[in-house]
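After this come two complexes, each holding chain A, first together with chain B and then together with chain C.
For the complex of A and B:
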């Protein structure tokens, strides 16, 4: 019997043996088809169809405009540059943090400062850069006295995105560097290598797959970033997500928007495939949890350590300075003109903005629970159960997360505007968008935790007479509890801070804080925008602290460690 | 408790390997395990012993064949319905449950009343010598203690059969010897039909009623340790159970169920009913190192060899000799006599005729 059929037969056998799994697989597929495949299919249809025929003319029409071609190349250029600069910076930080014998205190400080841009609304950095380096910015105007400094353009977007996204590279590379057994380096030292040689011949080569992965992650993040270029790019540097947005909201050309997002889909999907099938196979370092003999890490000379730490600290201070500036801007009358302290922006936030706050919280909390459980269930199925369509379920469930938010937003707009599922203008569409987009992070943490749990633990439960549902309830759930909390936290934070997808989905009935911030920016009410941003950052911080505390109190003995709130 | 046997009928199982493609892990295995006996599945890694055990447990489903526990065909039964006890190589203790909760888990699943549950957990913990460990967690106790918790957890539900998958491989050498004695005593006192998987032949010989030696997905020979040692049915068995020398020989004569073989110019008479042996044929004879005797005088009527290496191990001495260009291993349990033998010395060699094997 050919291999494929054996697999198919075993798959069927196991599915029919376990009705609970069978039912969940069917139900999940129904959801995935409705909320992931169907909307994306809508984009494809709109892109390649004209009066009932297959055609390339839609793409040709869009690409005929010079601005769109330019946006395509700008997007790729920007993403490449952000990928490189963010990876370099992230590596530098990760290397310093893991390999320079930092004390726990410094290490924690770096972690905390770096996490700030990750948990903020995506354009917070853009706003603070305007406060600091804009025409009336603290540094450019007040300090240096420039009157005609041009903040708008690629340089600013590159700077803002690098600072915003390099923490992703940091987290990725830190895990890999920490996974390199220092005894391997010891071995190289014992063979007579200098520090530089050990770095060049051992440490760096082992990190190469991680660098590639980090580059791809940052490339994708920059490609998808919508808010930063919208604020900082100006009109001379169009990129695809903003062009697609303007095509729809400015020109009311939904087909044009769909085609542009399809063009954006091509590089985004390429990155997705590269990451999955190329980088994933190149990892040398596996984190086994098995630690060899304790050894002191000798990668960095003491004098170099001080320099490395110094550079890292100055970048952390820059980040902290920008956030302080954000806070300052929220409590002065008119930033750039009148620096009198006032609370009037917060009054606006809590009166006029109250509806947006309420809506956002309702949506984020609902999305958090749905997305967290959705992620744990799919993560459990794809890592612990063997059934037909398992790997395709994994790929499909990660699609919406891997694709730029602009694409997902436009896809939802197209798919759910008309019957059979007309949910445009409701909270449901926004929640669904978050669940099926950010639930993927919960899937990934669940898979990661479950991979650490030996499969024989569940077999042990079965051998003692437990049904699969009992095993799930008594063994698996307690063990993945940290993943569940992690998932809940990530979905909540992302729901609080996201904009690129949901800007297409808000309505008069349901709006979001992030959308209000953007509106205030365009209305030049910068103080209110800053106050809203401070509010979001504060809420997110409180939630993180709360979840960490909760985990610490309820953490079961022996449960897997929660190393990071944000899985990148 | 009623004892039951296990019967494997023509079971096969293949896997899809990422590199090698389809791999026949278990190939048409037939095996009867008697009620109350401890049978060991022994073999090199990848021989299919663990897969066979996991099929008995119900963790894997055979592609072909059927599995009987007693009279009942359990092939289609899920693991949780088979009433088996399983001890995993890595113990698979539930990390989030205390020792008490780990052991009580199977009783809770069964719905045993609380009072009875407490009594049985107490009894079984006493049996494995872990009284007082109830409230500890798996990561707080040693490997040997974890092993005993795993055992206690498996036997507390009074399974019809006990399955053990290399249960001692994570313990150090001394503890391994001690624990295997404990497992054997426990198994005998509970009179529980057991299947034990290991790749360590000494462990298998020490613990088993019978051993089923496996290789490449097939059972090669089933028998007691002595049967496998003295009457191996092929070269593989003779090499896996103990050590054996292979020496060149020539068939001189075949008569009345005896084969006359010329080994280094000496004739040996060996009982053999094998029909494929022909006169003048060149073949290999097999003899264990402990069935060869050394003597100081290199006499003419004996085979002669030169000592290459001598290893003194206390109660025994191991030699490697060069015999006309062939390497020969000899083990002597007479350390006093061996004192006088030293490297580069020529010695006389006698093979104990009745222990010479041909396959």
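For the complex of A and C:
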């Protein structure tokens, strides 16, 4: 019998021997098919079908428009530039933080300032950049006296996205740099290498896979970003996610929107594949191996250390300045015209905005529990159980997370507007979107943590006669609890701050704070938009503190920090 | 370890109960659902007054006209709202062709002028809203310019990259602007689009909503723009130093309309809102809330301040709503294809 069939038979045998696993696998697949594969199939069908026939004419039609072609190249260009600049900045920060012998205090400060952009609602950066660098911005006009500075265009989007996304590169690269044993560098030093040579021949080569990974993560993040270009790109620099959004909401051309998002899907999926099959393999080789004997890190000369720290600090101060500005804008009457202190924007937030706050909290909390448990269960199955379709389950479960939100949102709109599953206009569709999109982060955390647990613990339980489910309850659950908390935290944070997918899914009955922020921005109530943003940042910060508190109580050796999970 | 888990389960229960309570908190009796194209600042006080007068609560969400129409069409099979409230009438007329509205002739139907109603009652006008040029005073001074009094004034190099106005894909203001330009050029599309392409050089950014450029003009981030009078005067009322002017070649005014959705879940409540909005009951309140729409009902006086501004408008013409409705999609697509990528 061919090897494949033997494997299949064995896999099936194992499945049926363990009914709990068998049932979970079947149930999970049903969910994955309904909420991930079916919507994506809808986009494909709409893209390639015309009156019942397979055709490329829809794509040709959309690509015949100059604006769309421009948007495609702009998106790729922007994503590449953000990938490069964000990775360089992230590497610089990570290198300074890990290799420049920073004191604990400095290191904590860098971490805290850098995490801000990651937990902010969209538009935050866009609003504060207009406040600072607009034609009447605090910096460009009041400070530097420019009168004709043009804020709209690629330069602003590039700047805003770099500041917003470089923390992802920082978190990715910090873990890798910290994993490089200083003794390796020591060896080079003792052989007489200069610091520059050590950096070029030892440190940098070891980080290359990490750099590639960080580039891809940033590339994908920028490709998917819809909020920043919508505000800052102006009309000379169209990008795909905003074009798809305008095509659907403005021109009511769902097919056009689907085709545009399919075009967006091509580079996004390429990145996903590259990351999974090329970078990921090299990646793990470099970061395994525990740090050996503690030795002083000598990678950076003392004089350089001060300069590095200085540069990092000034960027952190820039970030803090932008957030202070956001807060300031939320407590003055009309930023730019009337700087009288007032609470009226917060009054609006807590009266008119109350419904959005309630809706968002209900959805985020429900999504958090569903998404957290969903992630832990799948993560447990794919890292601890052997069954047919294991690796395809892993790939499918990560799909919605890896693809730009605009695609997922449009796909959901297409799939769930009509029977058999007509759930547009309900909270369910938004929750489902969050669970199957951000639950993926919970899956990855769970897998990462479970891989560090010695299988012998569970085998011991099994050999003592415990059933699979008992072992799971008594042994595995306590072990995965930290993963669960991480997952809950990440799903909650993302649910509070996401917009690209859910902008298509809000309805008269269920709306979200982030959508309200966009609405307030387009109605030019920037004070209210700022107040909403401050509220979201505050809620998310409180939740992070709580989750970290829990993590400290239940902490396992080697468990990752919540902030690391936000990285990618 | 035990106490930890107790603490944990306690907190879990707490969050669940909390979220349940929140969801129960929503259950009003007589509730009507609406998409409002009027910004929340104006729609909310109107709907609150309506609730005071009738006891009917209006549950609403605000969209730009393109988005609102797109939603109504998308939900045709299973309407989520009862009324489409406000917005330039071209939106409503485009909706008739899509079969999303139910005709209803409110009590005020007979006294309304012809241009404020659809003969079959698919929509009725609740107010009139002329477009205006709005410029920043300091900008004009710095460049030694008079307030623009011709469409061609806007092509002056001083305006280059310094005007903000709305994007035709989402905004009814933009659509009205484009149809105004078409009328100014006697519907000669070639000339009109040629002008728009030239005007494109003056544009800093096309905003998503109609009033999106008003505050940037007020702040001096942009020099000037073309807006509905209601947005322009609001900017003035808020204390920004802006000047309103009208072009001598003429500029369009658009009816703001209301329509009942076909297959609405609460048609009777929806009709009550339409009755109320098209009558003096609502339109008398406009001046109280400083909303500078020109009332559509003949018995309602134009607020004196607004009347004064309108005196300066020699040549304001109504947009031919039938022509606009029938050509909206084609013209907007043409604008996206030809003007935007310039």
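Simple rule for what comes next: the second predicted complex is superposed on the first by the 543 of 568 C-alpha atoms of A that agree within 3 Å, B and C clash if a C-alpha of one lies under 4 Å from a C-alpha of the other, contacts with A are read in each partner's own complex, and residues count from 1 in each chain.
Convention: contacts are C-beta pairs under 8 Å (C-beta built on N, C-alpha and C of every residue); 3 or more make two chains touch, one makes a residue touch a chain.
No experiment lies behind these values; they were computed from the predicted model shown.
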Combined model on chain A where chain B meets chain C, clash or fit: fit
Touched partner set for A:466, first chain B, second chain C, both or neither: first
Partner chain in contact with A:417 - chain B first, chain C second, else both or neither: second
First, second, both or neither for A:301, with chain B first and chain C second: neither
Partner chain in contact with A:60 - chain B first, chain C second, else both or neither: neither
Superposition-derived comparison: chain B or chain C, residues of chain A touched: C
Partner chain in contact with A:143 - chain B first, chain C second, else both or neither: neither
Partner chain(s) touched by A:479 [first = chain B, second = chain C, both, neither]: first
Chain A as apex of chain B and chain C, Cα-centre angle in degrees (nearest 10): 160
Contacts of A:135 with chain B and chain C, given as first, second, both or neither: second
CA minimum distance (chain B, chain C), superposed complexes, angstrom: 9
Shared chain A surface residues [contacts with chain B and with chain C]: none
Footprint of chain B on chain A - complex, ascending: 1, 3, 6-7, 10, 13-14, 17, 454, 456-457, 459-468, 470, 474-475, 478-479, 556-559
Chain A-touching residues of chain B, taken from the complex the two chains share: 14, 16, 21-22, 57-59, 61, 63, 78-86, 88-90, 92-96, 98, 105-106, 109-110, 137-139, 150, 153-154, 157, 163
Chain A residues touching chain C - in the complex, by the definition given at the top: 65-67, 70, 130, 134-136, 148, 150-152, 230, 234-235, 238, 246-252, 254, 334, 336-338, 352, 358, 361-362, 365-366, 413, 417-418, 422, 424-425, 506-509, 511, 519, 522-526, 550, 553-554
Complex contacts: residues of chain C adjacent to chain A: 4, 8, 15, 18-19, 22-23, 25, 33, 35, 39-41, 44, 59-62, 64, 66-67, 69-70, 73-75, 77-78, 80-81, 161-162, 167-170, 203-209, 211-212, 214-216, 218-222, 238-240, 329, 332-333, 336-337, 340-341
